[in-house]
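Below, subunit A partners subunit B and then partners subunit C, in two separate complexes.
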Partner chain A sequence: MPNRLELTGITKQFPGVLANDGVSFAVKPGEIHALLGENGAGKSTLVKMIYGIMQPDAGEIRWNGQSVTVPNPKAARRLGIGMVFQHFSLFDALTVLENIALGMDAKIPSRALESRIREVMQTYGLLLDPHRTVATLSVGERQRIEIVRALLLDPQLLIMDEPTSVLTPQEVDQLFTVLRKLAAEGCSILYISHKLHEIKALCDTATILRGGKLVDTCDPKQETSRSMAEKMIGTGLRDIVKAEGRTFGPPKLVVNRLRTQKTGHFDVPVDGASFTVRAGEILGIAGVAGNGQNALLDALSGEILGDDREAITIDGLGIGTMNTTERRKRGLCAVPEERNGHAAVGDFSLSDNSVLTARDRLGMVVMGLINSGAAKTYTGKVIADFAVKALGPASTAGSLSGGNLQKYIMGREILQKPSVLVVSQPTWGVDAGAAAAIHQALVDLASAGSAIVVISQDLDELRALSDTLAVINMGRLSQARPVKDFSVEEIGLLMGGVHGATEAA
Partner chain B sequence: MQFRLEKRREPSKAMLYATPVVAVLLTMVVGAIIFSLIGFDGIGAVREIFFTPLTNAYKWQDLGVKAAPLIIIGVGLSIAYRANVWNIGAEGQYVMGGLAATWIALLTYGMSGWWILPLMVVAGIAGGALYASIPALLRTRLNVNEILTSLMLTYVSVQLIYYLVRAPWKDPMGMGFPQTRRFSADALLPNIFPGTIVHAGVPIAIVVALVAWFVMSRSVFGYQMKVVGAAPHAARYGGFSENKTIWLALLVSGALAGLAGALEVSGPFQRMVPGFPTNYGFTAIIVAFLGRLNPLGVIFGGIVIAITFVGGEVAQTSIGLSNAATGVFQAMMLFFLLAGDILVRYRIRRVVPQTAEARS
Partner chain C sequence: MSPELIIAIIVTVVGASTPILIAALGELVVERSGVLNLGVEGMMLVGAITAFLVVFLTGNHYLAILLAAAAGVAASMIFGFLTLSLSANQTATGLALTIFGTGLSALAGQGYSARPVTLLGPLFPAELALHPIWRVLFGYSALVYFSFALVFAVWWFLKKSRAGLILRAVGENDLSAHSIGYSVIGVRYAAVAFGGAMAGIAGACFPLLLTPQWAERMTAGRGWIAVALVVFASWRPFRLLAGAYLFGLVMTMELYAKAGGGPLSAIPAELWAAMPYIATVVVLVLISIRRDASNNAPACLGKPFLPSN
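Then we have the complex of A and B:
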């Protein structure tokens, strides 16, 4: 039996980057094949060429033994290649059925389509009401629409691009069941991820890319997560060094029944969140994206002004009605999730970006004038201490890669030695090496006596980093407890909230 | 065949500063061609409009006098535009500044004292700022677009001149002409070079531009304007209030337009007349962009536009070109400038038609 898909010497050059450099591997029928690599390793480029969004500069794609060119995604679907993207293309205001109908190449009468959809859903246990509006669905349910959409075409190869990054652990298990069933029926699956334990649990083969080159094709069940991670980043992995048996100081950040107003149509406000973070403690806040994390961060940082002074206190001082500048002066720094245009200004130099948040704490302003020398010196220190790959303080923030910009932003806040630091998604889109450095810097800051709140969707990160953990769901925050007291299942149930629990039943 | 604009990774700094020069050159070339095609001496028109004012030393004083209000207003606009606050009504603020100064001049008519002129200038600044506060209030309270309100208020201000010079402020000795009295000596802007028409507004314009440059590049105020314009979200995160910035931007640009109005009415005009609004406030928009929204660049932009004004007058008499030709040249300059800016930031890519499902 020929290989389902075989790539030979695939090369793709972008201006300034060799995204794929002679990549060759093969996917057998019915195989679940992992494509593994850090951000920027060339995974996305590679699958875009398989799916016909881009064309390779050199190399051959063989499909079921035949050499093919895939000029566009429509041609890919005709061959039997389906793809589920990381970012869904769904219309919130339309129903499941309407969304699927819009994405079909062939026009199928809606009744026939509905029965086909119900059949696919039944077969694979992808339970959904075709007449529900997408806006009312959870992220996991939305992903099911995309999967159903792909399965309607009876694909022989299904490409999944980081499918679990937005799912609760329970939803991940359900997804894996579906994928295993598909594979058992002979459909090959190309599974893109950087979550190693998932790959060990699910995949038969793993192809590891680094810097556009193929590093290894291995059997993930024979490898450890650590050995694969080291192949991925190319060097030894550093563990977070966390002193055992640390004791915490007095309560530093106390949040008491904090709420925010609903602003946008699909915006989730914070609904009466209460928690305490002690000096030296890292509180993790887990939750699926879009459950009020952004509102919580903005309310803590002061971007959303509250009307209750005592809703947030630092060392007993009520700061609930203060703006960001006043809060920073009192030691509260924050890093929002969105790097470009929120945490940093792309068109500004790094030096000017330091002025954005550090000007008052580090005396960069004298009588209304900016001391650009001080800003430059500080920026140089951030670049050096956090190993930011930049030409210097004068480089624009927009010229840095996502991971490097994140290192700069984290460094800019951490080196201000805030007594309270609130960060959202501190390592989102950052490679493993940089993530380890950021994690260590957070732990060191806590060890020095700061109180830290980490809002993240990455459970592995939170379990490694946090001392205590709380879960946010639909704007409500669960009781915070020591992270060791939680099982993954329990966190998952909390992340799904009541919403998820009824659905699982 | 389809074309698409694709963002360049890092726009070239050199090209950013070269575009105004390229825009001026293109304006000359295209202008020469167009005017030749419609039966004028196109090359002569370009020579008269762009070069005669420079080669004829006698015209230099005209250049200074025309450039001064353009630079003062342009500097204010360049500050507001940096903050993404689109004050299009500088003409109205200029008029209100002129009217406020006139008011002081008429109140003090017949009096003498060194304080009269400074008081007129202060009144002019206040008048312009106050008039710009209307769009600021509407924008920050009711979220009404400042482009519309500031523009429409310009027409209100012009009507106000017409009313004032025809009724309450009309010159009793003016034989029915709709104009005010000629201001008393101490209400007139002194000339700095005896025997020329160069008044004190010219050095003031240079000082305004230098101060604005310093403030914009070194102060927290300048930083605030730039960060709110470049990334409003980041500005909020950095602790800068968007509403406060809108207020500041409109007040500063209004105040400077008002200053220009006070200087014009006490200088070249010497009285308020219905012809006081000469579109300096609108032309200064081109000046601000020609100057790359940088106060020092605005000096250059103001001089270039002043050249076209002075040259346009020359061309009217020497080759019978209509006055409107000046406007055509200025408009072409702005067009080429904005087009050039797009090409500095984006490249044009031809795209092969593709099915619509190339997602994410």
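Then we have the complex of A and C:
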């Protein structure tokens, strides 16, 4: 039996980078094949070429033994290749049915399509109401649309691009059940991820990429997570060094029944959140994206002004009605989730971006004039301390890669030595080495007596980093408890809320 | 008020509303595809002068409408090329198109002002519209019936047809539409061309339906009212129909107030004349305050499409 998909010497050159350099591997029928690698290792480029979004500069793609060229996604689907993207190609204002119809190449009457959709949903246990508007669905439900859309084409190969990054653990289990069922029916699956325990649980083979080159093809069940991670990053992995038996100081950040107004149709406001973070403590806030994290961060940073002065206090001082500048002066710094355009101005130099958040705390503005020397020196220190790959303080924020910009932004806030730091997704899109450095910097800042709030969707990160943990669901925050007292299952149930719990049952 | 007067008012309202309705329906389709074309006024003027010249030279009204639509398409393609192919700012380009259309039409119309042409006659034979009541139904020119048919056509296209679904998808999330494999730029070009054609026909209504001559800036800001109406109607064709007639009614009131029409003359005619524009401003302010109404807005409205690869 020929291989379902066989790549030989695939090479793709972008201006300045060799995204794929002679990559060769094969996927057998019915095999669940992992494609592993850091951000920027070339995984996405590789699958985009398989799916016809991009064309390789050199190399051969063989499909069921035949050499093929895939000029566009339509041609890929005709061959029997389906893809579920990491960022869903969905239209919020349209219904499930309309969304699926848009993804079908053949023109099928909507009634016939609906019955086929129901059939596929029944077979694989992917339950959804075809007439619901996508905006009202959870992320897990949205992913089901993408999967149903791909399955309607009876694919022989299904490409999944980081499918679990937005799911609760229960939703991950449901997804794996579907994928195993598909594989048992002979459909091959190319599974892109950097979550090693998932790959060990699900995949038969793993191909590891680093810097565009194939490093190794191995059996993940024979490897440890650590050995695969080291192959991915090419060096030994650093662990977070946490001083054992740390004690926490007095309460520093106290949040009491914090609320925000609903601003848009799809906005999830914060609904009476209360928690306390002591000096030296890292509080993790877990939750599936879109459950009020953005509103919580904005309410804490001061971007959303509250009307209750005592809803947020630092060292007993009510700051609930203050704006961001006043809060920064009192020691509260924040890093929003969106790097480019929110945390940093893309067209500004790094130096100017430093002035934007550090001017008051570090005296960069004297009598209304910017002290550019101080800004440059400080930015240089951030670049050096956090190993930011940038030409210097004068390079624009927009010229940095996502991971490097994140390192700069985290460094810019951490080196201000805030007494309270609130960060959202601190290592999103950052490679493992840099993520470890950012984690260590956060732990060190906490050891120096700051109170830190980390909002993240990455459970592994939160479990490694935080001392206490709370879960946010539909704007409501659960009770914060020591992280050791939580099991993954319990976090998962809280993340899904009651809604998720009934569905899982 | 006598029945004759009421019928006369209705007929005038229909005439005043028709160009706004046609232009707004075109703009609605354009905006549903995610493009904001503020050049409606300019395209209407280009259509108006084209229609006038064709009628003046050939006397053929239907040829005039056809060529006015073509001229509207041509003008819209300038906008399309700049904003879609070159990703220029849509607001600035649309404003520029209006200024361009105003200037171009004035230039082409030089020496033609106050030269009379004939109006486009009623579509149905005059025997059907002998009685005043029947005039309300059968007394209009083809452009009026076209505008009604267009409401249904646009509604059906957006709601029921697959092409309409694709167009809405492109306006809702251009990157997703692109990644599924639809040509975002292609769909938007088609929508902009349709908007241009409708604006051209709407412009043709002025010399063919309302005042049988050419006057500089004879569209008098109706293009802007059409743009505002699209927002007012929350991008829905039937609400657009209601809105266009509301504005047409207010505009007609001005005429009757000027003519000393009883209770209406209590308000100065100038204020009546200003009413549609005041109403436009008020409507836009109200809608901006009441955020829910703008939720129906296409999510990608006014944003240039810049695929990452």
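Heads up, the rule we're going with is that the second predicted complex is superposed on the first by the 504 of 505 C-alpha atoms of A that agree within 3 Å, B and C clash if a C-alpha of one lies under 4 Å from a C-alpha of the other, contacts with A are read in each partner's own complex, and residues count from 1 in each chain.
Please note the rule applied: a contact is a pair of C-beta atoms (placed from the backbone, for glycine too) under 8 Å apart; a residue touches a chain by one contact, two chains touch by 3 or more.
Fair warning: this is a prediction, and the values are worked out from it, not measured in the lab.
Contacts of A:Val365 after superposition on the shared chain: subunit B is touched, whereas subunit C is not. Of the two partner chains placed around the shared chain by superposition, neither subunit B nor subunit C is touched by A:Ala451. Of the two partner chains, both subunit B and subunit C are touched by A:Lys74.
Of the two partner chains placed by the overlay, only subunit C lies in contact with A:Phe91; subunit B stays clear of it. Of the two partner chains, subunit C is the only one that A:Leu102 touches; subunit B does not reach it. When the two structures are aligned on the shared chain, A:Arg328 is found in touch with subunit B, with no touch to subunit C. Here subunit B and subunit C are compared by how many residues of subunit A each touches, and B touches more. In the superposed model, A:Thr396 lies in contact with subunit B only, and not with subunit C.
Look at A:Ile53: by the touch rule set out above, it reaches both subunit B and subunit C.
By the touch criterion defined above, A:Ile61 reaches neither subunit B nor subunit C. Residues 53, 72-74, 85, 89, 103 of subunit A are contacted both by subunit B in one complex and by subunit C in the other.
Note for the complex: subunit A touches subunit B at residues 15, 53, 72-74, 85-87, 89, 103, 301-303, 323-325, 328, 334, 336, 338, 341-348, 352, 355-357, 359, 365, 368-370, 372, 396, 398-399.
Residues 48, 53-54, 72-74, 85, 88-94, 98, 101-103, 105, 107, 263-265 of subunit A touch subunit C in their complex. Per the touch definition, subunit B reaches subunit A in the complex via residues 9-10, 218-221, 223, 226-227, 230-231, 233-234, 236-239, 241, 354-355, 357-360.
The part of subunit C that touches subunit A in the complex is made up of residues 162, 165-166, 168-169, 172-173, 175-177, 179-182, 291-292, 295-296, 298-299, 309.
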